[in-house]
Amino acid sequence: MSFFIASSPHEHNRRQTSDVMRWVLLAAIPGVLVQLFFFGWGVLFQLLLAIVTAWATEAIALQTRNRPALASLKDNSALVTAVLLAISIPPLAPWWVIVIGVAFAIIVAKQVYGGLGQNIFNPAMVGYVLLLVSFPVQMTSWLPPATLSDNDLSLWQTLHVIVFEYTPSGFSVEQLRTGIDGVTMATPLDTVKTGLTQGYTLSELTAKSVFQGIAGVGWQWVNVAYLVGGLVLLQQRIISWHIPLGVIVGVAAPALIAHSISPDQMLGPVTHVLSGATMLGAFFIATDPVSAATSNKGRWIFGLLIGLLVWLIRSFGGYPDGMAFAVLLANLCVPIIDRYTRPTVYGHGGSA
Amino acid sequence: MTLSNMRKNGLILALFAVIATALVVGTEKLTASQIERQAQQQLLSTLNQIIPPARHDNDLYQSCRLLTLPQAQQPSTLYRAWLAQKPQAVAMQVTAPNGYSGAIRLLVAVDNSGYVMGVRVLEHKETPGLGDKIETRKSDWINEFNGKTVKGADDDRWAVKRDGGMFDQFTGATITPRAVVGAVERAVEFIKANPEKVYSDNLPHCQEQHHE
Amino acid sequence: MSEYQQLAKQGLWSNNPALVQLLGLCPLLAVTSTVTNALGLGLATLAVLMGSNLIVSLVRQWVPDEIRIPVFVMVIAALVTVIQLLMNAYVYGLYQALGIFIPLIVTNCAIIGRAEAYASKNPWQTSLFDGFAMGLGFTCVLVLLGAIREILGNGTLFAGAELLLGPWAASLKIELFQIDYPLLLAILPPGAFITMGFIIAAKNVIDKRQKMHAEQPQKSVERARVTAQ
Amino acid sequence: MSIVSAIIALGVLALIFGLVLGFAAVKFRVESDPIVDQIDAILPQTQCGQCGYPGCRPYAEAIANGDEINKCPPGGEATIKELADLMGVEAKPLDSAHGEEAVKTVAVIREDECIGCTKCIQACPVDAILGAAKQMHTVIAHECTGCDLCVEPCPVDCIDMVAERPRPETWQWDLGQIQQRHPEAQAIPVKMVE
Amino acid sequence: MRGNISDIEAGVIWTFPGGIHPPERKQPASDKPLRRIALPQQLVLPLRQHIGQAGDLLVAEGDRVLKGQALTKPGLTNGLPVHAPTSATVIAIEPRATAHPSGLSELSIVLSPDGEERWIEKKPLADFRQHDRAELIATIKAAGIAGLGGAGFPTAQKLAQQKPLDYLIINGVECEPYICADDRLMREHAEEILTGVDILLHITGIEKALIAIEDNKPEAIQAMRDAIAERSQFALRIVPTKYPSGGEKQLIQLLTGRQVPSKGLPMDIGLLMQNVGTAFAVKRAIIDGEPLLERVVTLTGEALQQPGCVWALLGTPIAHLMEQAGFTPDNLPRVIMGGPMMGFTLPALDVPVVKTTNCLLAPTEKELPPTRQELACIRCGACADVCPASLQPQQLQWLAKAKDYDALEQQQLFDCIECGACAYVCPSEIPLVHYYRKAKAEIKNIAREKAKAEIARERFEARQQRLEREKEERLERHRKAAEARQKAKQEAQQSGAEDPVQAALERVKRKKAEAANAEAPATNDKPQKSAAVAAAIARAKAKKAKQQAADAADNEKDES
């Protein structure tokens, strides 16, 4: 009889990378649905385009690198990158925007660094920043939420806009962005950013229609939905609570202080936490294991750093939201964070 | 040993320093006039674009005067055009401090009846491909100002369209045109309101000008 | 291979200052948004490099070891200043575009690197040629980088060549395609880094291919006998 | 006037710095550290001569004078890496012209065939062979470096280079090795990504 | 926070970082009482079953031995004897596969039991309190007792250390899944174990023993609690179920809040730890005078028909135990010695039970599926979260792959206890522990090589010096000889005598002629030897030629 030999341990908890990634995708569903409700079919098309591009580029890149393509595709990591990027961009952005973004994310930010696990930056955010820097017009053309919109685009119209940049009847995205009050709508954070530079006060700005509710029509519910998804991830132990909490505290704490000092210039913590990409970033983007810190203490610092950077960029930077930049900057700090938060090894004088 | 080594090193290094400095200084002397001429030509070509030679018979470059605007810390430079001893137009260097990435330096030409003859950007740091459409090389947006004037102190047409004004903003960049429109408006308003100051003979000459 | 061929190969390819030694990246990345700018800075660097190599090589016997660095720096600084003044006087448009980067040539490590590594040890003829080869290699990379960035970012080539080469060169400008939405990243500094990375990668790929194709002659080295037999 | 003062000022400055440098060059001269010793400490000391130098020390001297670092097959990749670190150069693959990195071996004399010629004793660089003329010779196994310099001189070909026998304490945790010894066993491949 | 005595006395249970909760699967083996199995045909006793040197043989092939008779005598260093587990005949002394993951052979004594179970004369020290420390330790050593928990460190050696100790910790945690040998022993032999502990306390002079059991063994806890009721020096500590709380270092941290310093021993922080099995063995050695002849082995896994814990004689071939337990392998036959986390697979079943064999696990493929393809590390940090030593397994893995041994040592690779928790949770199924073991072995080998290279260098240099010296001496001799010759010549010339060289040559010629005459009777010795040498050389040459011919033939074959 021939006996099989193997190396210990012989037991494994059987949760694989692909399962982890699948859970991330599943947990993103509520947020995607809410976005679909508020911003229309475009979200779906962007998702489809992103996924197809991600698979294709990943397969080609792996093929070129002489790596087994199928095994790596099965880990679902390209899918996660694609989904995160697709839900971050304006739903009516032209098709080539998401294609360029995903291809760049997969090829340059991931495969060039050596594939899954080797990249120091979050690929989805690298793709996002590339797009934001290169195509600022397309990347800031958010539609007003469905409830405030003058236009109700059908499936076919949406597809037409994404492919040809005009509706069948010839309206451009710029024209579609007109809200019910006849003024081109911007996201709540964008409204605040441009409004403040024009000398309006916050109370004047938050009186606008985009700010109905707690933190902006549509966006608050998108954030709540991602929070729900994030809680699922926490419950499933896919992510640890340190990073999300760090991000939220990192945004909310300085916002609270600044708001109490200067209520007419600085947004309050609730608005900060429930607008823009805060929740998506806190639970889905910053928690990407590859580019995040690894120890719990390090995760805390990493999360806080992202939160603080987001607040700083939103309050004093050039962009209305800063999640992508904050994540990339924090990614840069990860080796240092990891270096200095390494726990004391057993028997080396640490406390018990 | 130490002393001789020191002496040798010191002298050689000094020798090299003297030769190198002499070389630099010599070249500087040789090229100074040419450099001056170049700067002058550069400025003149811009000035001539917005104040056509037909409108003046004086030397624009020599017409340079300094004028301190109200609430300004540094004097602005003026170039005044005369035709047959009559003031025709003035080109004024103004700064729009609130550009997207820093100040934008503009040259605004206004004729004697207060209408804009032309605007040119002298220097800016706006995002390439986005805010840089204020350059004539990139877009002719800046020509929108031609023939416009300011009516009254609070002319709300002087704003970008998004803010309800008459000037286009570029897609994606509102801050840059907003800053330019504001700066031009202030310049036009001032020139229109204060012709006597602008064309006054008592203004100080520009000194040490155009040392870029 | 003759010494000159060797030097040319080193400068242009195998020891290219920009691609292999990664020297002088600061001006390289800052000015290469168009071919014209790249060519201008490249030629300026080439001139300085040849001049400094020549002078350093000529004076090398009289420069004691301890003060060679200050002397080299002085030679280079003087040369750069002279070239800056000349550009200011005769190619004013380009000077305005490259302006602040010209003085940076002083701190371009490629120049002092060559002075130190080659010119201070070799006769003036080969040193001059080494400066030429290295400078040409540097210029080539600059122009290539500039071309890629200009095409991606503006859809043009040789835009503004008249600033460098005189009015006739205005006709050199090639409008490759009209883009509504240029890839802004390409003309921003990060684009330069990324493009540079790809160029270096391409060089490495080519080198690797060549190595694979070149059949290594199987040589064998005689073992030394450590002991008597 | 400003021209002259500029030239004088720079000249004087240069003179001063020149003096300082001249002074420092004499006063703060440091003796170079014995790099050869450091290199020698990295080399495996098999004294096999495969590098083309008679012994490890001569090769260390050659490296210090700029020879390639990839000429030592017994040291293999690990030695090249260490040398690259020390010398501040890039690690290269082993130059196959000098031989391949092979398993560690020990010389064993088939004692009944030995005729006692002492040729191997003279060939051994580390005096690891015991014996006298016309007496049977034997290898002190734990002193043998496996250089195989003794094999060729033997007129009766009675020296074998045998791979060092693995012992449980030197065992390398290679599941493939187990299979060699127990052909009936099958390793569940540990699929390691190298 | 170093645990102070009052907290320890109060029964505080500290915690250690990380740890995992794999399925326990102690049943069904733990439900069945200990049983004895039939005598095997053969017993194979490796001379070395512990950490340390093998002893010297006391028996030869063909000897008849009695049960409990020592077969080896420990040398001067930390050796232990092995004993005959039953009365038998020595049938062979040869290298046999030993219980080591490598499957390598070690010198072993092979016994053929006669089934008579005739004991050698026992020398019990039943009233142990009347005997002094040294005598008891010597008895324990002579009984061949090594730590039965897993490491196999000689117990006597541990006891002989003279350091002030606060506590004796008795490890009955048994945290690995499946294994229940200690559990059964505690349930059925609590009193004997505690007697063993009494002896240990007496020997070491420690005031207090802490007995640690995991909270998933209620029956064992009850049995021990009942047994310690009258013993005031004893305290029971129930630790929460978590792997690897039974690891020596982790248990110490749990019970005392102290950490064993890196590269140190528990006694450095005033603690001594013994396994319950060891305590039981000590009792038998002292009270009953029986050396270590058998131990409890858990036979478990779904491929066994009759799982359970058995008393197995040391040296019993695993094949025999498997047969007794009804081994029915599926299409992935595996036998793991030890538990699923730290045990190793056996390449063949002819290896014997040794002193450290606590479990034999024969899982089915479904029960413990083999690892799948290793995927890329995604730096999720799950491994660092579960590492009980607070290491950074993902970093170590990368460094091990890069063979960066200096960095590995800097990151304390040698503090890894190879518990396997990291590999258990790794979502990319990276065989982390395997990488560490390889790297550790490699680092140790490099150190060995370095030491060897240093010796080689010294010898080489000494040789060079010697050669140099010899050469100089030779030159000196030649010079002197030449001088002497010169002098002689001059003298000769002066004295007018004949040329000494000429004379010498003639002398030689004369001698040769004489020798030629004397040759005939002298042939018996020297030429014969030279003939033998010539023959040897000829043989070698012939062999070489044959080899070449064979090579040539091979080449031809290849070509055709």
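Think of it as A, B, C, D and E in the order they're written, each chain with its own count starting at 1.
Basically, a residue touches a chain if its C-beta (ideal position, glycine included) is under 8 Å from a C-beta of that chain, and two chains touch if they have at least 3 such contacts.
Note that the structure is predicted; figures quoted are calculated from it, not measured.
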Intersection of the contact lists for chain A and chain D: B, C, E
Of A-B and A-E, pair with higher C-beta contact tally: A-E
Chain whose average C-alpha position is farthest from chain E's own: B
Interchain centroid distance [CA atoms averaged], chain A/chain C, Å: 40
Centre distance in Å when chain B and chain D are each reduced to the mean of their C-alpha atoms: 70
Centroid distance [mean C-alpha coordinates] between chain E and chain D, Å: 32
Between chain B and chain C, centroid-to-centroid distance (C-alpha), Å: 35
Shared interface positions of chain D, touching two or more other chains: 14, 17-18, 21-22, 25, 47, 55, 125, 173, 178-179, 184-185, 188, 190
Where chain B touches two or more other chains at once, by residue number: 5, 8-9, 12-13, 16-17, 20-21, 127, 130
In chain A, residues with contacts to at least two other chains: 1-7, 136-137
Touch list for chain C against partner chain A, complex: 181-186, 188, 190, 194, 197, 201
Complex interface listing, chain E residues touching chain A: 1-3, 14, 16-17, 20, 22-23, 103, 177, 249, 253, 257-264, 329, 332-336, 338, 340-349, 363, 368-373, 375-381, 384-385, 388-392, 394, 412, 415, 418, 420, 423-429, 431, 433-434, 437
Touching residues on chain B, where the partner in the complex is chain C: 5, 8-9, 12-13, 16-17, 20-21, 23-24, 27-28, 31, 34-35, 38-39, 41-42, 127-130, 212
Residues of chain A that touch chain C when the two form their complex: 108, 112, 130, 133-138
Contacting residues of chain B [partner chain D, same complex]: 1-2, 5-14, 16-18, 20-22, 25, 29
